[in-house]
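One chain, subunit A, appears in both complexes that follow, with subunit B as partner in the first and subunit C in the second.
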Partner chain A sequence: MTGVSAILNGIFEPGLFTSEPVRVAVVVGGVVSLVSAVVGVFTVIRGQSFAGHSLGDLGTTGGSGAFLVGANPLWGFVAFALVGAGAMELFEARRPRQRDMATGIVLGAGLGIAALFLYLGTTRSNTTGATITILFGSMFVIRASMIPVFVLLSLSALAVVALLYRPLLLSAVSPDIAHARGVPVRTVGILYLLALAVAVSLSCVTIGAVLSTAVLIGPAAAALRLTKRPGLAITWAALIAVAVTWLGILLAYDSYYWPPARRGWPVSFFVVALVFVVYLLADLASRRKARRQSAHAVARREDRVGLPGDSDRTGPAGLGAR
Partner chain B sequence: MTSPDRFDARPEVLRLEGVSLWLSGREILHDVGFSLRAGELTGLIGSNGAGKTTIFRVILGLETPSSGRVLFAGHPRPHRNRLIGYVPQSIGLDPDVPLRARDLVALGIDGDRFGIPLPSRGRRRLVDDMLEAVDAQAFADTRVGKLSGGELQRSLIAHALISQPRLLLLDEPLASLDIRSEQEVVGLLARIAREQQIAVLISAHEMNPLLPVMDRVVYVASGRAASGSTEEVVREDVLSALYGHHVDVLHLQDRILVVAGKDEGHHLELEREQHALPPRGLG
Partner chain C sequence: MFAGFMVHAWVVATMVAVVAGVVGFFTVLRGSAFVAHAVPQAGFAGAAGASLIGISTFAGLGTFAVVSALAIGMLGKRGRHDAVTALALVFMLGLGALFLSWSEEYASAIYALLFGEVLGVSTNQVLATAVLGVVCISAVVILYRPLLLSSVMPEAAEARGVRSHRMEMYFLVVVALVTTMSVPVVGALLMFSLMVGAPGAARSFTDKPLGALGLSVGISVAIVWIAIAASYETDWPVGFFVGVLGAVFFVTGRGWAAWRRSGAGRVERARQPATGPMRFTTATGMNTEPT
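Take a look at the complex of A and B:
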């Protein structure tokens, strides 16, 4: 043990693994980003990215409200995201196929209130720090006593998605087929939206309301470039999310020694920047693979045409011989 | 084509009795009745807006008839039904969806169940067999969103068939296919109906591709339907009564042209061909 930590301390900053805020960030950040990414794969497949983003913004209303009354912002985020999900569902039920409009209506109303709460919070407590924390999050200010809450909420969102795995995929192919097979499509949609609300509000606290979309959609989008299998896509998304979160924590810790202020750069910045880089890399990889495959296919076809004495050869040469 | 006696020897899988349906204050279906039998291929023929998709939705329980009954082998519709395979008219599939053709087919086994499926050899073999049955091995590992119209159609047919339904409903499966794929898919469906003794109902706005294999036809116009063998239904008197005005039925070698000019109920396809014919008997 001591040997390992001696090596680690040689590579990383001393104190990285003994610092309590870092340990909490590693656990909570890891679990939350994993769940976000898994839920996010279905968000992308179902075309609900806008709803996911809006739930984060709605959570801000709750988070800032909770801060105003002196409660833990997490509960505000969760409560308002859940209420927002319910409101979206109600609007959508009355106007089917206008999901984005329903989302937009609820979002607009929520953001107005959030602006008021944030304004009141800032003017009353005379600090902008709280506003920054709510909008941009910080894994380093989460208390260790909150770990079980984060883990439990994460697991419940994960359980819902695991339970709905097949019906969600089938509905993504065609809601009509799913309906015909006896899937309660509407109930599945509501449950998924609730899981999404929980996942988003958790990442609102760790990564920030403004940036939560990046960890929800980014790893999922990168994973979908890398694989065409549902199980693998989820695995990739989870791995990417956890890796960028931990790497982000490491860089943020390291950045306490960086210019200009030597006060440290925000961890959320690193995580989101890394998500973006990973997406670009994944996109590049999938393009190269596609190009290689089509080059292969062309080569194979040319091989066939070039065979001497090939009876059913294609192309101008074959036509001329006839 | 075939004598009525042969039909009656086959067990009835589905019967619609006097089905009418009102939606948003409009009567979409009026007194629609027909029956489907095991091992038979039935064409549901009608132009755009005639009510074909709505008839499928009624059979699937997605719409409840305002009057009339839908009976499955003599019983009212069971609540959850794996006995019906359904291939919708169009699926708006996102090209990013991480599903290969074989994953889509596997979802046909138990896509309605909760929880994550455990991979098993039996499952894999079932999927492979089904892919082979519809001749889809070549694109089994292609992303569903990247399949061509014909390839997607085959994958969806395999998806619908893998749960061993008694009834297979296909809404315009030939719409996006070229003539060769059209013939292949029609041949495939006819073979499936005979070999697996499934009742197959195929909707189309053009009946000619189905003529060689169709045991019966249900002809739909403005929400009304006439059913029976092609000879019984595709006649000037029957179709004129159905459309409510005079209709010409022209036999051209082995093709049948229905010229139902005049109102919005005419066939686009046939209207085009009409120009090549001498203008007779219209209106």
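Take a look at the complex of A and C:
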């Protein structure tokens, strides 16, 4: 957590990208936030933000477990997130409130297991630093040999979302209509949750659990405040996510000599702060738009109230003249 | 297991369990599990900030918990509630990361805040926990009927003059207070497991609100007692046992409900039309964007 270079050194194997670590961060961060934002639009529309966040925490638990037994952390992340997604879906959670509870139970159990892994990790290796690492920015190394797997997994998450585009939206907006039209609502839900698990665990392993949720939910939520059209929202979300990530990396790089510690502010802080600001701006814009529209609507309604042919808007006076 | 230094742990953990059972019941009923997860972590950021500038972590924790709860309530009124909660959560965690990067504290202090330190509780902490616990329980007792009504049937509550959004804000403040009370002793993560696991299990056993509330408290206390005893015996963290026991109780409850449904299916089916669609519409209404 001591500045951008440490994080980059942690994420990428030293010696592989010695020339331009920042450029690599820009590329990987950009790709990961792009995938997250696209998947995130559906997460927000379907009201599964909690699941998206929980899968990140579960993946992190898996990552620390893999760390403990010396396996490749990426598999720990993906495996735990997939198992968590399956467990959430197992509690036949069709109503949003039940789904909320099922997610909470799985997350609670996952956090308990995380506590155990961390305990075992600290008692064996005698370092508590792992806790902070795991929660606030993952330092797990992605080996060069894993990059094809990484790309393949992100593409598969995107492919699931692209293939299920229409049924996903329909079953999110109205499960009943989707069911009536022969959409297998539950299967679509499970497939989506699995895609979400893969996308989230990939972003967790590269940019950490906090940022994973930030780029999954933040840009998508802001985009959906700006537009109601899903296609446009996906474009907006992707743009916002990539912009915010790049700007965050840049600011963190610049902050190296900033007070008070003079060792750089964390990237995660910049990215979440930017995401939050973007959301607030989008919220403000959508409220102004809504107010304008409602003003128009009132004006139109007043027009219609007037007698046929009576086009002047003087209201009572006009009526009285008649 | 009941030696002098353990007495405080048992007392504090029992108090926290009772309050978690009561407030958690409403958390599950309102579908606010995400808020119950987010607010304690926000409080954790506040504690990190307070330790940085050298004031009481209790104050920092409480301030951040209340502020984030109110922010979630206000932003959630317009936007999607769960997305706003996620945003508030990551923003607070980001702030926490910033504070941690500034401070020279050892990581173990942070570890204690997240996972709790039941065995290191002082007499002052016991008193503070007791006072906040009484405040939380009294708030729930005073708000009991309107809160219950607005949780189960928001439309009917509005018709009777209960302001749903105001209830939501009151409830969020109660969650923030519970957080302030519990995080220093049991930690952010354990508290969340208790607040969701026990009431979730209790709801599978009975439909009556008061019965479920009582059962929720009972299960919560049982989980905590078993967890402390098991932790004492094995040296493994309390949080592990609480998290896993919560899930075990929940699965047991679900299994019991399924078994009973197969036995008394007719009764259950006869009741379904009355409650099913109503709950469904309110629940979906919660997640659709207000136009």
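Note that in this section the second predicted complex is superposed on the first by the 242 of 322 C-alpha atoms of A that agree within 3 Å, B and C clash if a C-alpha of one lies under 4 Å from a C-alpha of the other, contacts with A are read in each partner's own complex, and residues count from 1 in each chain.
Everything that follows uses one rule, which is that a contact is a pair of C-beta atoms (placed from the backbone, for glycine too) under 8 Å apart; a residue touches a chain by one contact, two chains touch by 3 or more.
All values derive from a computational prediction rather than experimental measurement.
Asker: Specify the partner with more touching residues on subunit A, choosing between subunit B and subunit C.
Answerer: C
Asker: Contact-wise, after the overlay, does A:Ile105 reach subunit B, subunit C, both or neither (first, second, both, neither)?
Answerer: second
Asker: With both complexes superposed on chain A, which partner does A:Leu118 reach: first (subunit B), second (subunit C), both or neither?
Answerer: The answer is second: A:Leu118 touches subunit C but not subunit B.
Asker: Now for A:His179: first (subunit B), second (subunit C), both, or neither, which partner does it touch?
Answerer: first
Asker: Would you sort A:Asp283 into first (subunit B), second (subunit C), both or neither based on which partner it touches?
Answerer: In the superposition, A:Asp283 touches subunit C alone.
Asker: I'd like to know which partner A:Val44 touches here: subunit B for first, subunit C for second, both or neither.
Answerer: Once the two structures are laid over each other on A, A:Val44 reaches both partners.
Asker: Using the superposition on A, tell me which residues of subunit A are in contact with subunit B and, in the other complex, with subunit C.
Answerer: 44, 47, 224, 228.
Asker: Given the complex with subunit A, which residues does subunit B contribute to the contact?
Answerer: Contact set of subunit B toward subunit A: 60-62, 79-82, 84, 86, 88, 91, 93-94, 96-100, 103-104, 107, 110-117, 141-144, 159.
Asker: For subunit A, which residues count as touching subunit C in their complex?
Answerer: Contacts found on subunit A: 1-2, 44, 47-50, 52-54, 91, 95-97, 100-101, 103-116, 118-119, 122, 128-129, 131-132, 135-137, 210-211, 213-214, 216-218, 220-221, 224-225, 228, 260-261, 263-266, 268-269, 271-273, 275-276, 279, 283, 287.
Asker: Please output the residues of subunit A touching subunit B within their complex, sorted ascending.
Answerer: Subunit A residues touching subunit B: 41, 44-45, 47, 162-167, 169-170, 172-174, 176-183, 223-224, 227-230, 232-233.
Asker: Given the complex with subunit A, which residues does subunit C contribute to the contact?
Answerer: Residue list for subunit C touching subunit A: 28-34, 36-37, 75, 78-80, 82-87, 89-91, 93-98, 100-102, 106-108, 110-111, 114-115, 189-190, 192-193, 196-197, 200, 236-237, 239-244, 246-247, 250, 254, 279-280, 283-284, 286-287, 289.
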